[in-house]
Structure formats: structure tokens, C-alpha cells
Amino acid sequence: MSAKDADTNAGNRFTHFDADGNAVMVDVSAKETTARTATAQGRVVMQRDTLLKIKEGGFKKGDVLAVAQLAGIMAAKKTPDLIPLCHPLALSSVKVNLTLNEADSAVEIEATCKITGQTGVEMEALTAVSAAALTVYDMCKAVDKGMVIDAIQLMHKAGGKSGEYRADRPAGGRS
Amino acid sequence: MSAKDADTNAGNRFTHFDADGNAVMVDVSAKETTARTATAQGRVVMQRDTLLKIKEGGFKKGDVLAVAQLAGIMAAKKTPDLIPLCHPLALSSVKVNLTLNEADSAVEIEATCKITGQTGVEMEALTAVSAAALTVYDMCKAVDKGMVIDAIQLMHKAGGKSGEYRADRPAGGRS
Amino acid sequence: MSAKDADTNAGNRFTHFDADGNAVMVDVSAKETTARTATAQGRVVMQRDTLLKIKEGGFKKGDVLAVAQLAGIMAAKKTPDLIPLCHPLALSSVKVNLTLNEADSAVEIEATCKITGQTGVEMEALTAVSAAALTVYDMCKAVDKGMVIDAIQLMHKAGGKSGEYRADRPAGGRS
Amino acid sequence: MSAKDADTNAGNRFTHFDADGNAVMVDVSAKETTARTATAQGRVVMQRDTLLKIKEGGFKKGDVLAVAQLAGIMAAKKTPDLIPLCHPLALSSVKVNLTLNEADSAVEIEATCKITGQTGVEMEALTAVSAAALTVYDMCKAVDKGMVIDAIQLMHKAGGKSGEYRADRPAGGRS
Amino acid sequence: MSAKDADTNAGNRFTHFDADGNAVMVDVSAKETTARTATAQGRVVMQRDTLLKIKEGGFKKGDVLAVAQLAGIMAAKKTPDLIPLCHPLALSSVKVNLTLNEADSAVEIEATCKITGQTGVEMEALTAVSAAALTVYDMCKAVDKGMVIDAIQLMHKAGGKSGEYRADRPAGGRS
Amino acid sequence: MSAKDADTNAGNRFTHFDADGNAVMVDVSAKETTARTATAQGRVVMQRDTLLKIKEGGFKKGDVLAVAQLAGIMAAKKTPDLIPLCHPLALSSVKVNLTLNEADSAVEIEATCKITGQTGVEMEALTAVSAAALTVYDMCKAVDKGMVIDAIQLMHKAGGKSGEYRADRPAGGRS
């Protein structure tokens, strides 16, 4: 399958299977090397008390977010180990940001990845968000087992033949 | 900090920080070795067309789910690599199940992990669900970039001193 | 050692040792960046009953091959972790194919890897075949411990200064 | 599925699929913890000149074998990363031995793994042999691209309910 | 080699080679399962200005130490991946502590690991210290390339047949 | 933050934090792709008897150094897994050399890494030295627990906007 075909048909079929239905790591060798970026979001919804504990809970407030942020950055680098058909990539930038949304009683997470390469970095951004969310869960689970990881989605993507993508609005009722 | 203290206080503080506020991999060496199990759920909400393509889309229907299922199993084994303060564990069982929920236009994911050990396997079950969800996203993103990974949560947990936990009901409006 | 010397002498000495006999990851920084491809083959010889069980054994025939195929793709990405002196590479394509050879009572495996880079991908293709073969063994060993992994070899290689290579014929008596 | 059922039926079906045909990491939590050992063999068949170069080739003869031996030991520890449905294990011993068989113009490889645990270590021994063989190929490929990795098989297995297994004789015509 | 022999002779030979001089992962299967602990130390010596920047440098002082501490904890889990002949272990506790020694213009690092198992955790504690030190270097190298990682050593070890070990005094002139 | 700013300000602040104090994997996407090299050194100081055992100790002298050298090469490839904010890199060369310094009763280690890329390879060289030193410790600890890993530092760095760096002299009193 040529890269041209892949892009032409991307809108109506799955590119991770070949003509015989076998899973493949898509051949990107004919694709253009361009600057690519992707931003993903997600959140961890929790009890108000848990959120306050993260915010105010003592001499070292913020540490839950700092550990989760680092976990997100490191996970972006492990994406090809986790997602079977992802290409190994030499990421040029990873940023992960966590903020407390008191109105929704949620920790909100945003990750942006960049590369100059032949394939996009959506999965790296989504993986960073997921790992940061799991780490928030891990660190707070002793006080709140009912937390929900929610609304993980691609917000923006640029670079590459398929052009720019921007999500209409965050999922999960976020304003 | 003794394991007894950890369990006693688990309800009102974060166990992943010591008295000085430093992050630690919690000392479980004094905890009892018991049979432990955890089940987590989550889902990927998508366009109806995407779901139908997974279901009916040709000679090899089901493959998206099969690849995602395997990704979930393998990711459970990588949990201590991804979640900074998780203990390395010798899991005795991992099961991941994906089903199509046509009413909600979602792929639903459930993972159950087991161990006979000194610490629980919630994070392994949640990580398996997350990786399976990310893999569904990866395999379908050429036709639907707006998919949302949603409602990842712990459903059930048994074994260990803190006793059994069961979520009231699935998040995300699932019936 | 310059890349030129390395290529000139490649025919009569091992490039993975320097002049003092120390193991090295060969310096490829002066080599040309070109499109490179490599194809490897191998097979798992088993009892006829085992092969039939893979082929006909119930409602989900083919799954052994699907799991092994995915294992092969993922292993290609881990080659630099497994083979001590291999370079870390950003593979642009990995394809793994498994077929049933009933005449020889064997599962046959073929893997093709591609890269645009400074070093070849033979080891990635051979590693993909090996991991797929090991996975076939793992999944069938409950019914047949006597399976033999056989005839793993490089079939074709192109790109780079050393030129094209093509094996005369498959090993192991394959027609 | 109980471990008892698994053992009872192991002779006539694949244990890596559940009743619905989904791949699973088999539940071993009800299995007995016993001392287990497994030995695997394999070989790399090459041109006589390549073998002689390994044997006599200068000031540091033996190094190809030393690097491959270490690669085998390290790969045994990575088995659960490579083989999708293998359990993570705390191996208590790994030994890998490589010898030159001049009569057959082959490097012969043998690996033995041990554990006290609930599941066998066949895959660890086979993976060690495979990685050692791939490393021999990698280190000699500059002088001999036609080498064949051959006759990888389980030779002996002890411990666990299924009892002792011993291969009749090495494959590949080895005396 | 029996575990008894290994312990008897540990004082006068290297246990990582067998009778033929081959590297082995030492067989610990006959060793007793006991509670084991190990503590290691080390430090990063730097310019006074660099140390002050870590200490006072703005709105988020302490973050260099927090990132390095987490890196140390995660690296302890990767020890069997890094040190070729180390056993894979299920650590029950990892603690890493970093403090500023203004008198010596150094960041001092201490790590303690625990396990209930058949082999010691010295290498895990030393690896945690090394990775934390490397991370301090990484985060500060833009302002000070001349930092020196120094005085990494085992301070204390308990559990197992060889008994307790305690270093006389820290190396590197620390009081 | 633009790459230009990063380089301009590198002398007086930490580049691994953004304007809000969050840890980031620095954005190198605007940096020039150039040939880069870095050399690091370190040593393991030990009892004279331990050094002599490495040097003369029998039929396979030198093996401790050979295993440690390989561990260093493999660890260089794992740098982005170990150091949280390091970029994943496609190294083009890794060389690790260990020599016995009888005068100082130390094993001396030097590692050189190369890449053609957008970021330097200091951390890869320092990580290779650290892992080689840890492996020397691991292999000799049965006879000498008091060994000290010492004087790990960057010796030379070239390529990239910040220009060449050369350490004045080795630390630790080496002549």
C-alpha cells in the first residue's frame, strides 16, 4: 500500500490492516517528513474532599500533580511499547500540564507532543494524558476508590497530509 | 511507617508520601500475603459508523478488538514501568474483554487481574483498560478522530486488609 | 574506524569489535541515509494434530496466528533491547505474516522491516520472526511440547552500501 | 476456569483462550508453588570459515560467544515483554552455554532456567536460546549473511503438575 | 553449584562465573527466603551557584530534587534490565532521599530498598542512587557541566546468610 | 520557549522547567540537526586484592570488564527510560572502555556516544559509565562490598549551538 493510497482512503477504512486483514505497522516510508504536533486532554473526577486534599493538604501541596506530570512525560516515550502498531518515534518535545478544576471536582490534564517526522503524535499525547490520569488515581486511591478517568480525547493535531484537526469542544460537560 | 499504620490511616491521607512529604514506594513488607483481585471498566465512545465498521467491516471483523485485548494484557504487565510508585508484581492472571455496545455507540472494556501477594492489583486492571482503549483509538483514528475514552474506573476489588470494594454503578450513564 | 573502512573490510572480519577486541556499537554516523528493507523467514514444525487444531479448532480459528503476528511486530521494535550491539532505530514499517504449511506440518513466518536510515534492519526482521515463532510455541505448548523452531534466516536485504542480498533458497527443505 | 480443569484438559486444547475464544493470561493462582526447571537448545549453522573465525580469529577468540551468552541471560528476563501471554516471573537462575560444533559447522546453544513458582519456565529457556542465536547472527553477519538459526526446542522440563518432559533427541540431525 | 557452596566461598571468588568461566545469573533457588534490606549513598558535587539555584532559585524550589527522587525510585525497579546478571525482583519498598549539603556544595542522595526474597537488594539501592544522581546532572547541566557524581557506595545491608554489613564511613570526605 | 531563547539563557537557568515551574521535556524541534559527540569518565575504587582478582584471577581474566562494557553499551540505549526528561534518541555510535588502574586500585571507565540530531548525548555517555560501574560492583561484590563508584563526569562534548566543552582534568585525583 503506498502512502498516497493510505492518505486518500484514510477517511473510509482502517489503515492498520492490509488487504488480507492482517494487522500491520503502517508503512510510512513514503510519507513526507514534516513538523507535527498533537494535543490531548482528559480528567480525573473525584470527591470534593480528595480534590481539596490535593490542593491544600499540607506542607507539600501539589506533589500529586508533579508526580503525575512526570509520569505523563515518561509514558509518552513508551507509547510504541504500549500500543502494538505505533511506530517508534524520536519525540522532540513533550509537555504535560495538570490543573485543579474545583467547579467540576476534577483534575484536568493536557499534553502536547511534537516531532519532525513521517507520522503523527496523537497516540503519544493521548498516552501521556492516560498515564498521568492513572498516576493521579494511584496516588489518591487510599482515600477515594471511586475516582473516574474521563473525557480523554484528541483536541488538536497539525502537520502531515491529513491536515489540521480541532475538536469541537471538550467532552464530559467541561465548559 | 508500619503497614498497620498505613491501613489504619488509609482513609484520611495519601500513603504515597512519607512524613517529610517525599514520594515513596509504600513499604508493604509487613503486609499479609493474600489472594487479591481487581476489576476495572472503561469505554471508547465513537461515531455509529465507526462502531459498525468494527462490527461488520469486512472479512476480518473483530480484529480491532483482538489487538486491543492483547494490548491490554501486555500493558497490565508494564504497570510498574508506567506508574511511578507502583510495586513490581508477579501477576497470576490477566483477563481483558471488549464488547460492542451499539445502544451507546461505544466499545466497552473490562479487565480483571489477580495476584497472591502483599499489595493490590487495581492499577494493573486500570492500566489494562486504558491501554486497550488507547489501542482502539489508534486502530480507528484514521476514520474517526473524535472518539472519547471515558468512564475508566475500578468496579471491584477483593483481598487485603482494606476489604472488599464494589462500585455503586458504572459511570458515564451506562445502564 | 571510518564507515568506509567498515564497508571495505566487512567481507573478512567482524565489525562489532574494535582494534583492541572490545565490543562496540558500530559507528554508523558517516554512513549514508538510504531506504533499507529486510525480509526474514522461519517456521515452527509441529505434530499434524497441532496444526489442524490451529486451523480448524473451533469457533475462533486463526487466533494463534493473530497473537503471534502481533508479538512479531512488537518484538521488532524491541530489537535494540534484545541484541546488545544493535542500534536504536525508528522503523518506518513492520509486516509479519504467518501461514499454515500442511504438507510440512509447519507454521511458516515471514517478516519485512523498512527504514530510511544509516543502518540495515536485518536484525529487526529476524527478531520479529523469532518472537512470532516463540509465541506460536507458547500458545500451543499445552498440546505439543515437541515443536521445533527451525530455519530462521535472512531472505532478502536491500539498501546501503553493501548492496542487495538474496538467499538462494529457504533452509529446512522448504520447496 | 480452575487450575485443575486447565491441567486436566491441557492435553487436548489450547489453554491461552477462554471459553469465548478470547486470549487470556492463564490464571495460575490456584496452582501449586513448586521448584521448576526447563532446558532448551538451538543452534546457528554457518559457513566453516565463519566458525573458524569465531574460534581462532585473533587476539580475543570467544568474544562472539561471550556477548551472545550475556544476551541470552538478559533476554530470559524479558520473556514476559516479548511473549504476550507469558506471566511475569522472578527467575531464580539462568544459565546459557554456547559451544562450537565443528563437525556440523554450527554454534550450539543451551539454556536452563529455574524458578520456584506457579508456572513453568520453558518460554524463558527458549527465549534465552533465541536471543543468543540472534546475537551470534548479528555479530557475524558482516562476514556471513547466510547463517541459519535452527533446531530450537525444549529438551527437558520438570516440576509442576504435568510432570517431567524429556525430548527424544535433538532436532536438526545433531548426534 | 549449591547455594551453600556459594555462600561458603563468597569471600574468595566471584560468584557470577561458573566453573568453566561463563557468566551466569547465580542460582539462588536453594537460598532461604528472608527479609532483606540495603541502603546506598552517593552525591553530586557542583558549583556553589548551582546548589543555590536548586535551593533558592525561584517559585518552585525543590523540583530538581523531586524529579531526581522519582527517577531513583523508578530506576530501582529497572535494575534487572540494566545490570546483566541481576535477578528480577518483586521489591516491597523503595525510598530515595535527596538533601542539599551546602558545606560541601553537593546534593546528597540516599536510597533504601527492601524485599522478602532469596537474594539481596544492594544493586537496587545503588542503581536508585545512580539514576537520581544522573537526573540531577541532567536537570542542572545547562548551568554547570562540571558537576561530578561521586562516592556512590553501599552503606548498610541486612538479611540473608552473609549477615549484616555496615560501611565504616561515607567516602568522599563526608563527615 | 524558542530554542534560541533556550540557548541564550542556558547559562543562567534550568531549561527543564517552563515559565510556570513545571517539568518539561525541552522542545528541541527548532534546533539544528548536527553531528554531536560526548565523552564521560568514571571509576570504581576497590581493594587491591579485588583488582588483582579481576586482572589475574584465573583462566578467564578480563570477563568482569567484558560484561561491564556490554552493560554500559546497552544502558546508553536505555537513557530515555531512566532519565525522566531525556529525549528518545537514535544513537549512531556507543563505545565503552574499561581499564585497570593499578596505581589507584581502580577500574577506570570511559564512554563515548555519537548522534546526528537535535540534542546532545552527554546523558547517554554518563549513563553508560554509571551502568558499567554498577556492573563491576555487582560482579565483584561477593568479595568486596566496600567498593566506591567515583568521579563520574563529562570530559568532552562537541556539536550543537553551545559549542565545545572540555573538562579541565579528571576528578578524584586521577593524574
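As written, the chains take the letters A, B, C, D, E and F, and residue 1 is the first residue of each chain.
We adopt the following convention: a contact is a pair of C-beta atoms (placed from the backbone, for glycine too) under 8 Å apart; a residue touches a chain by one contact, two chains touch by 3 or more.
Values in this document were obtained by computation on a predicted structure and should not be read as measured data.
Undergrad: Please give the intersection of the contact partners of chain D with those of chain F.
TA: Chains touching both chain D and chain F: C, E.
Undergrad: So using the touch definition from the top, which pair is joined by more C-beta contacts, D-E or B-C?
TA: Pair with more contacting C-beta pairs, D-E versus B-C: D-E.
Undergrad: Fit chain A to chain F on CA atoms, both being copies of the same sequence, and give the resulting rotation angle in degrees, nearest 5.
TA: To map chain A onto chain F, rotate by about 120 degrees.
Undergrad: Among D-F, E-F or D-E, whose interface repeats A-F's (more than half the contact pairs identical)?
TA: Copy of the A-F interface among the listed pairs: D-E.
Undergrad: Roughly how far is chain C from chain F, going centre to centre by Cα mean, in whole Å?
TA: One centre to the other, that is 32 Å.
Undergrad: Suppose each chain is reduced to the average of its Cα coordinates; what separation in Å results between chain A and chain B?
TA: 16
Undergrad: Going by the contact rule already set, what residues in chain F reach two or more other chains?
TA: 23, 63, 66-67, 70, 74, 78, 81, 84-85, 88-90
Undergrad: Taking touching chains as linked, do they make an open path (line), a single closed cycle (ring), a hub with spokes (star), an all-linked set (complete), or other?
TA: Looks like something else, not a line, ring, star or complete graph.
Undergrad: Among all the chains shown, which pairs meet the touch rule set out at the top?
TA: Taking the chains two at a time, the touching pairs are A-B, A-C, A-E, A-F, B-C, B-D, B-E, C-D, C-F, D-E, D-F, E-F.
Undergrad: Provide the residue numbers of chain B that touch chain D in the complex, in ascending order.
TA: 35, 66, 69-70, 73-74, 76-78, 88-97, 114-116
Undergrad: Which part of chain C faces chain B closely enough to touch in the complex?
TA: Chain C reaches chain B through residues 63, 66-67, 70, 74.
Undergrad: Considering only the defined contacts, which chain E positions touch chain D in the complex?
TA: Counting only chain E, the residues touching chain D are 18, 20, 22-29, 80-81, 84-85, 87-90, 117-118.
Undergrad: Touching residues of chain C toward chain D in the complex: what are they?
TA: Residues of chain C touching chain D: 10-17, 21, 23, 42, 45, 53, 57-60, 63-64, 67, 70-71, 74-75, 78, 81-86, 122-123, 126-127, 130-131, 133-135, 137-143, 145-154, 157, 165, 167-168, 171-172.
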